[in-house]
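So, here's a batch of structures to check.
Both of the next two complexes hold chain A, though its partner changes from chain B to chain C.
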Partner chain A sequence: MNGLIIICGLGLLAMISEIFKFRSVLFPLVLTGLLAALALNVWEWNNPMHISYFENMIGFDRSALAFSTVILAIALLWFVLAQDYFKSGQHLVDHYALVLFALAGALMLTGCKNMTTLFLGIETLSIPMYVLAASKKNDLKSNEAGFKYLIMGSFASGFLLFGIALVYGATASFDFEEIKAYIAVFQGELPGFFYVGVIFILIAMAFKIAVAPFHFWAPDVYEGSPVLITGLMSTVVKTAAFAAFMRLFMMCFSNVSELWVTLLAVIVALSLAVSNFTAVMQTNTKRMLAYSSISHAAFMLMIIMSDKGETASVNSLIYYSLAYSLASLSAFAVIYLVSKNGSEDITELNGLHKRNRLLTITLTIALLSLAGIPVTAGFFAKYFVLSQIPSDTLLWLTILAIISSTIAAFYYLKIVGSMFFADSYTKEPIVVQKSHAFVLIVCVVLLLLFGMVPGLITELALY
Partner chain B sequence: MINGVSIDFYLVLSAVLFTIGAVGVFVRRNTIILFMCIELMLSAVSLLMIAFSTLHNDTSGQVFVFFTMAVAAAEVAVGLAILSMIYRNSKSIDSDTLSNLKN
Partner chain C sequence: MLTLLLLGIPLLAALILLVAKGSNLKNLALSFSLVEFVVSVYAWFLYRQEPSSSVLSFDAEWIKSIGAHFDVSINALSLLMILLTNFLIPLIILSSYRKGYALSNKFYGFILLMQMALVGVFMANDGFLFYVFWEVALIPIYFICLLWGSEGTARVTLKFFIYTFLGSLFMLVGLLYLYNHTGVDGTKSWNVNELYLAGKSMNVKEQSAVFWSVFVAFAIKMPIVPFHTWQPDTYVTAPTQGTMLLSGIMLKMASFGLLKWLIPAVPLGLEVWGHTALMLCVIGIIYTSIIAIGQKDYKRFIAYASVAHVAVIAAGALSLNQQGIQGSIMLMLAHGVNAVGLFFVVEILIRYAGTSEIPKLGGIRNLNSNFGMHFFIIMLGVVAIPLTNGFIGEFLSLNGLYQYSPVMAGFAGLSIIFGAVYMLRTYQHIMLGEVKDTTLRMGTLEASEKITLAIISLAVLAMGVYPAPLNEIAETAANEILMHIK
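And now, the complex of A and B:
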């Protein structure tokens, strides 16, 4: 909760910094604030108070704290990376404020315990992201990305609200725990529209995390938005949406799981099939990573659907989001640095090995982790997912997941190969700033560390 | 029963309004109409929320509608701002012009 308050305060500070002329100290201020929020999160973890605020609407238990720590840490790395992005162009202060408010929404989602905070968190996260996606004012592609994101986002919000209204109509409550208790008592006597409501909420959340068949906006939005904003979308936004998804379905609707588990199985199977076959054909790196993020979202959904009410699945969801976010952030960082003076085409990465060693090594580790190859964190992330799927009923899904990861490994390794062996059209070396190099090195070290000692996350005592 | 009207009627009415909005998002090409369709979806939900709130004699549903209205206003504000940028860059607000990102 303290982290959320600090981030909101930072957002307000960023807004007034233009008026009171402390714009130049804003960046160190934001970094200090994020570090303070992280420290307070760790402190709250060690001194659990089990307080929920605002009539039980929001409360940070240990799983929420773990998710918000992941989000804050990724955001911290992102800010260091984006420092010079904020220096170029106009209206920089607004960018800070928008990112910070989106972050506040993300933290609110990790701690939501009520439909109201769920809805407000999603909107607080999404509305600044619409603006950020369209933030290249004179670029029609960026405008288009922002517009598509907005239309699809508010369309999904409409579904979410309709679902919430139907569930409210059946249970007379917005509170997760009260809804759960009501379902447990009146199971079998619930009106038909309650189940429709749950399905509507599921569809809306599927839109937000971008899984097939509700994924069609994601590649366009990822391609059109500025690279760093895309990086933010695929890390912070995704982690927060999954934290909310987990809270909603594993905690609130766990008593009607037979209804949504089947639907999730279909969604997962479709996403795995669509994303990896399409990703192979992409020529734009951001588009390819968009399809890869769809397949990773499918893997994370598998954790939610194979949940048996054990903390192990929450742990592996946190591990997966951390591994995916780190790998994705470093991949987008490399694309950002490479595409500064070039295009975002996959061929731009050809012969990167001769232009900059650090970028090549980072992207190699990141792609190996996304592909799920051992020693990197991505391997254990996928391993935990596949080992948790009940093998008697969902064996076909496990097989599909393995086949699709093999296809995924093909297109990741193709890029790694072209970085080392293909000829680039230019030999001009890429200069990397110290702060950028720092972020890249931290990401690589963490990816390898979590890959070698997964127990750091999976043995966290969440309750 | 709310004042002698069964809750089913409210449910059907808001479902119909919601469907009109949702279909409109996919059918209409004018982006301003797209926003109207999304507003229609949200209003349909508000109607349903208030009906249930009255049925259950519980005010939290009505409070939720306030949040919905505030969020819808924010969304439209952002949407129209993006739309004016698009108009400046392409001199059109037809959603068919928005196809620079390949599928």
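And now, the complex of A and C:
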């Protein structure tokens, strides 16, 4: 909770910094604030005093704290990486504020315990993201991305509100725990529109995490937005959305799981098939990573789907979010650095190892992690998913997951191959400044560390 | 603790070489691998004194939440595999001395990293650890083939990687299925004995499913027809040292896995499907032998010949009797040494004659009789003439197969005839006959090349004349495996 308050405060500070002329110290201020928020998170973990706030509307239990720590840590790395994004162009102060408010929304989502905070969190997260997606004002694609994101996002919000209203109509409550208790008591006597409401909420959330068949916006938005903003979307936004998804379905609607598990199975199967086959065809790196993120979202849904109310599932989800975010952030960082003076085509990565060794190694390890190969964190993430799918009832899904992982390995490894082997049109070396190198090295070290000692995350006592 | 040392030495060497800058550190790589070999010979002596010595095992908890342990130990089977690996790696490093690869430190670093993973695969007593090492072994070989391979290697290596990755994932699911049936009292375990118990407690249908999902991984890696299509291309485009690693040692991971991780775990599944798998092996022997006869390129020719020999190894293992299993273990050792020898011959041919196409070569024996002699000895080993290393393994494997099914043994026995046909013909074309223009440059060999060849020839003969020390261990290993089946 303290983290959320600090981030909101930082957002406000960023907005007034133009007026009171302390723009130049804003960047160190933000970093300090994020570090303080992280430290307070750790402190709160060790000294759990207040679990819930505002009439149980928002609550930071241990799983929420874990998710928000992941988000804050990734955001911290992202800010270091995005220094120049805040230096070039106009309205830099707005950019700071927008990212910070999006972060506040993300943190709110990790702790939501009520339909209103869920909706507030999603909107607080989404609205700055719409603007940020369109922040390259002179670029047509960026404008398209922002516009598309806005339209599709509002559409999903509509679904969400409608679903919340229906569920409220049936259970007379916004509170997750009360809804859960109501379902437990009146199971079998719930009106039909309650189920419709749950399905609407499911559809809205599927829009937000971008899984098939609600994924169409993702590739365009990923491609059009500035690289760094895409990196933010695929890490912070995704983790927050999954935290909310988990709280909603594993906690609130767990008693009607037979309803949504089947739907999720269909969504997962579609996402795996569509994303991986389409990703193979892509020529733009960001589009490819967009499809790859759909496939990873499907894997994360499999954890939620096969949940039997065990802490292991939550741990796996946190681990997957962390592993995916780290790999994804480092991949986007490399693309950002490579595409600064070039294009975002996959061919731009050809012969990268002759231009910069560090970028090549980072991207190789990030891609190996995304493909799920030991000893990177991605392997354990994938392992936990495969070990949790009930193999007797959902064997077909396991096999589909294996085949799509193999296809995914194909397009990741193809990039690795071309980085080392193919000829680039330019031999000009890429210079990486120290702060960027720092972020890359931290990501790589963490990916390998969590890949060797996954117990650091999976043995966290969440309850 | 000795086991940790066996993992630690190559890992340390690999890290040093991968990080090191500048000068060529091939001597460092060689000395590390020699130290590793000495340590494994020491392990052999310890094993002879006291097979269950506590020095030969190490066990520590690794990932608590899934019950995975870092459990490595040396038993009869793994001892032989480790000896083979650590004997071949110095030879492989030495064989590259002349060539002088670009970025050679990285090259040797990857070879030693591979050695670490291979030794880990052979020592792991924990299913999860086995899988991790199995996958880790794939990374260095992928980079060795990718970075130092010849033309078209990016595509071929990707195919190889994807093929084996698919197999690995199926294996993971099979092992997971076993794992999920362990621990009736609630605590699941990845321990190998627990997995055996879990496998035996399952019904025929479940065991069959596990058998196939794990067998596919091994069949791809060995490879057994029809999963072999990645292999000839990879062998041709990979750098020679990469091919040596692949065929000399890495394929043994699969036959080793068959013996340790599959056969004892699913006896009922084997009863139902073992016959089909054996049929695949026998078909593979005949099919690839015939293809091998027709090959024009020497490297591609060895690739196919290798598939045929590996199929004999698998057939021996799958015949599920003492002689068959013992023979397949002995044949693994012999095949490892011979494969490295054959590929080193290619390396020399390409260096001096500039080609590995058989029709363009000829009369080399007249120009360099020393080279001719070594090639001849290695070839005899491949054909499995008595008093060479191939003989005892091939004889026992086929004998074991005969006990299982005389008809199959009859067909598989054709491999001896085919083997003699294609090996002798190739030798005749390359070494005898008229001297061709391309082979004129064939002068004397360098010291490092002579040493490598001499060691290989000596090993071929020594293992053929006096196989008893190794054979005894192989017998123990076979008995240990059979004990689990009965």
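Here is the rule we use: the second predicted complex is superposed on the first by the 462 of 463 C-alpha atoms of A that agree within 3 Å, B and C clash if a C-alpha of one lies under 4 Å from a C-alpha of the other, contacts with A are read in each partner's own complex, and residues count from 1 in each chain.
By definition in this document, contacts are C-beta pairs under 8 Å (C-beta built on N, C-alpha and C of every residue); 3 or more make two chains touch, one makes a residue touch a chain.
Nothing here was measured: the structure is a model prediction, and the numbers come from that model.
In the superposition on chain A, contact of A:Asp220 is made with chain B only, not with chain C. When chain B and chain C are set side by side, the one touching more residues of chain A is B. After overlaying the two complexes on the shared chain, residue contacts for A:Glu344 are found with neither chain B nor chain C. In the overlay built on the shared chain, the residue A:Phe174 is in contact with chain B alone; chain C does not reach it. Of the two partner chains placed by the overlay, only chain C lies in contact with A:Pro454; chain B stays clear of it.
Of the two partner chains placed around the shared chain by superposition, chain C is the only one that A:Ala422 touches, whereas chain B remains out of contact.
Touch criterion met: A:Phe410 reaches chain C, while chain B stays clear of it. The part of chain B that touches chain A in the complex is made up of residues 7, 11, 14, 18, 21-22, 25, 31, 34, 38, 41-42, 44-45, 48-49, 51-53, 55-56, 58, 60-61, 63-64, 67-68, 71, 74-75, 78-79, 81-83, 85-86, 89-90, 98, 100-101, 103. On the side of chain A, the complex with chain B involves touching residues 115-116, 119-120, 123, 127, 130-131, 134, 137-141, 143-148, 150-151, 154-155, 157-158, 161-162, 164-166, 168-169, 172-174, 193, 216, 219-220, 223-224. The part of chain A that touches chain C in the complex is made up of residues 312, 315, 368, 371, 373-375, 379, 383, 386-387, 391, 398, 402-403, 405-406, 409-410, 413-414, 416-418, 420-422, 454-455, 458-459.
Interface of chain C with chain A (complex): residues 62-66, 131-132, 135-136, 138-139, 142-143, 146-147, 153-154, 157-158, 161-162, 165-166, 169-170, 172-173, 176-177, 179-180.
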